[in-house]
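Shown below is the structure under consideration.
Chain lettering (A, B, C and D) follows the sequence in which the chains are written, and residue indices restart at 1 in each chain.
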């Protein structure tokens, strides 16, 4: 299983075209399931040079706060094995500037903007939501609750079910009913299902899984933390197994709740892994830094992979890995086949998602 | 005893759909025996691929011009083998070996039938040469899905009494599988022992055929390995001991060569009931217990 | 910062010899700080072919249970980007066999055995400890509490402070006072400092940080979880930033508690990172699979790195990164140096731990 | 507008302690201007190194035999550049560019002094050629720690009115730093504008010297970058705007070329008090707030 096949040949357009890629995140209908991850695509403008923002399922914008924010001191980033540790500190222009410039730009260019919001108090979240309510073009709201709650000794909202729920409730109450609210959870908790359930009970229409893992790197030449912010958020393929596990657990517990999955998605196969685990859509984050064309490439690869597995519709693959395994294909196990050891696996460069078991007929 | 050496690639050449790589790896060639394997670190520095890749030793040369060399034959099936296929002469390679148990050789001259599927033929060619030197009769059955995935047939023909070839698409030899022709061949050769290397389902079937005919059977299994040296417990499969007890046995150190009749083929991928160490902990699972 | 420099040239012996590598884990005096990680070196015998077990700080053995254990079905392992996901299921021979064969072998070969124990109930841990009390040669006990507690709906002991503390207390009470008890914690918790504090209060003499992260991989060809055990433990360099963060947080909160650090250590520089974060010793796990000679190589590299930074003793480097940054060296910042951009960094292949700031004089 | 292309290595050659790499990268050469950079993905597939490596464009050829080519000059400082240095002709390379703001050129013929430290000379050679073509007077100050880290002095001599060389060890030219000789040189050349590329402390000092003498100064900064395209906010530094307000500015899109006098050199690595966006959130930190 090549986990990080980068920039392969474009899958052929016919296969892509054959698969119905439409999906839904609660009330939000999307033309396809590949979105950008908050903080990894700005407000879409720069990325648009490499991928047409209108071609994406949606653009999730960098978490916006009420006021402009300078962010943290530098260094803000350090590369880690198959990962990235960042401590940006939510640098951004503040809500008013965002509404004046960024949101209209996205709408004009045909993108579906999912606006990520961040605050340091429940009231701040409520005000952000209320203000967004009157902004035209908001397709959805993602609530980044991985922020320190100043009212509670800086404890991150996402780390306590009650705190998380309070924020989500405030946002939900201040958001138009037609606009879905997604709660974005942190994996840095003992029981993510508990937090997920609390957010859903508080009105979240869907869940975004996962935010970065808290990590740290020490520079062995300066003997000090590499980041000015000391700790940072770990993202990229390194964390994908943790993300898949979170999606799996939450989907297992609440199969009816739509999940937007992110964490280390670098290829169409990675995106498919999330879909099979239970995600209705995926966000591409760190991969954009590695390959600015990643969202478009991943979408094409995903379509190709789905077609190869015999899926006619993306939605049929959502959560598929949770089904009990099907009986082995009729050419039973001990039947003395002389397939060459290993040689039947797809060759280098071809998609590693070719059907091995037959297509899952049951659903077609 | 296995060693870890900084080897040097001498050559990589294509043989059908496979790659044949020759590596200068002093200290390994000298002690290796047929059926043993080496593991190679892949991906360069820094690599994202932590597990070493295991390959049967195809051949060794104890005194090449450059010191002992080891040859392996491999198919490109993923990123690690693709990286290996892209190596060039003089590239350095981290090699550990020889690892695992080799095929054991009959004490007296015997009739040995060697059954290889795809690249599984590689260690058998070497084994055949060793058996011939000890006066054994050697017959080969080599099979593959198609001609380009057949390995070693020329070498086999040079040394064997008979060589039967099968391909699934019939491009060369008999259309079918090695197990289709094995029974006839064993009878003709009056086989005392069968040696096999290839995909697991083939090994299971070869074992059944050989056992039915009263021949002893040694197979080289291929289980996914994390360490290859016996420390991690990844590569286990259920094997019945002389005491009749099933144990989860490490194929990297108690294999890869095993007595085929001892392997619980139908139970691979499970821990069969009654396996040593199952009773007291049956049913203890939890959402968070997958690890460690 | 090359994070994963594998198999470099051996650092020169002189530098290594110059550094005093001795360290202590509570009552346990060790000749050097590089140990093996539980489950990654069996009981030392196989590894001994590549690294003399007597040359290691200690050998931490695979977690042993009272009874023999078959472990989980296969597949038990899947490679992930810069990581490894495993689900071995604690296969092992059981305590009696361990005491009869493995422990004596280690003692005979001059190793210092730290015995890792695992159980499914508090009583099982207590019995393991009590039985070990009378076994000659046990240098320390590591308590693997990342096991499901059958008495508490299978909830892992390490996930609740009270459960963790109960186990540690039971083990401490049944262990000779001269033998240190290390509690090995899971990073899959909201607040690792809380669990650490509970274990220390319950009598742990030191802490082992960290066990694997709960993760999962889905095979996109079979569309099923890759591991027979569904979820597994994520290890390797991928998780190192999480491990460093845990060591940092715990050392910050309890600087007096000795820490044995593990999680993705592949080079001497990685080991040094853990030491600077607060570890008194480190365990090498997954790296052994990549490079069976890793423990010896890492020790040599660490010694070389310490010498390069001007440390005469390992113990002086423990927790060094927590000290306030020293004033910049006298060649002040804006002084117009024309060092070639980038070119002063150590060249390829040389240790990346050469002093950039001067040696930390303060401590020598 | 930057593009992403699958480039092909044409050659890698050593120049002193540096590597000069020529890449066929159609679509990039055609639109690049001096001071811009490209980013390269490193490590192969699968790689453990996710961030692209940034390099100033040394030269472009719009119509090579093979299509537009881009040249970069780099020092091996870590695993990514080591991987790049090991590339060979025909290897493929993922290239994004041209990125960032180029040096802006004086409207009228002027006297320009170009100051390069180490490989920082690379983009200045190209800039010098462009300035010469526009009729400017060009003088160079090139410095390095030692001769083998000096880049571009021959090219500089071919086009410049004067070329001053400094090395810290005195192996060639004046023993010392570029900033030691810059003041004299500027006076002699009657410099209107100074262009500089090199380590950050050098840029700070060059800025001070140029500003003192009333020349305008453009510097190409080198900040650690995660994306290189303006989406991540990693590469910021404090810059004073025309309105007098300090902002944390992205050097990948609002640089790398900046007006040296606008950069708050002494505050790099901090968020200076009063920076736009600091007031309302001052002091809000927590153990778990490092991320996101």
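FYI, a residue touches a chain if its C-beta (ideal position, glycine included) is under 8 Å from a C-beta of that chain, and two chains touch if they have at least 3 such contacts.
The structure displayed is predicted, hence computed values, not measured ones.
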Check: Where the contacts of chain A and chain C overlap, which chains show up?
Finding: B, D
Margin query: Treat touching chains as neighbours: how many steps, at the fewest, connect chain B to chain C?
Written below: 1
Notebook entry, point to check: Which pair wins on C-beta contacts, A-D or A-B?
Noted result: A-D
Check: What whole-number Å value describes the gap between the mean CA coordinates of chain A and chain D?
Finding: 34
Check: Where the centres are mean C-alpha positions, what is the separation of chain C from chain D, in Å?
Finding: 42
Next item on the list: Take the average of all CA coordinates in chain B, do the same for chain D, and state the distance between these two points in whole angstrom.
Entry: 54
Item checked: Where chain D touches two or more other chains at once, by residue number -> 45-49, 79, 82, 287
Note to self: Can you list every residue of chain A that touches 2 or more other chains, as numbers and ranges?
What the structure shows: 1-5, 79, 81-83, 159, 188, 214-216, 230-232, 234, 236-237, 352
Item checked: Residues of chain C that touch chain A when the two form their complex -> 1, 3-4, 78-83, 85, 159-160, 188-191, 213-226, 230-232, 234, 236-242, 244-245, 248, 264, 269, 272-273, 276-277, 305, 309, 320-321, 325, 352-357, 360
Notebook entry, point to check: Can you list the residues on chain B that touch chain C in the complex?
Noted result: 1-2, 4, 6, 41, 45-52, 94, 96, 223-237, 247-248, 253, 268-271, 275-281, 284-292
Next item on the list: Please name which positions on chain D make contact with chain B in the complex.
Entry: 43-49, 79, 82-83
Margin query: Could you list, by residue number, the parts of chain A that touch chain B in their complex?
Written below: 1-5, 81-82, 237, 249, 333-348, 352
Notebook entry, point to check: Can you list the chain B residues touching chain A in their complex?
Noted result: 17-18, 46, 48, 75-79, 81-82, 85, 117-120, 143-145, 149, 166, 168, 177-179, 197-199, 201-202, 204-206, 208-209, 222, 265-266, 287
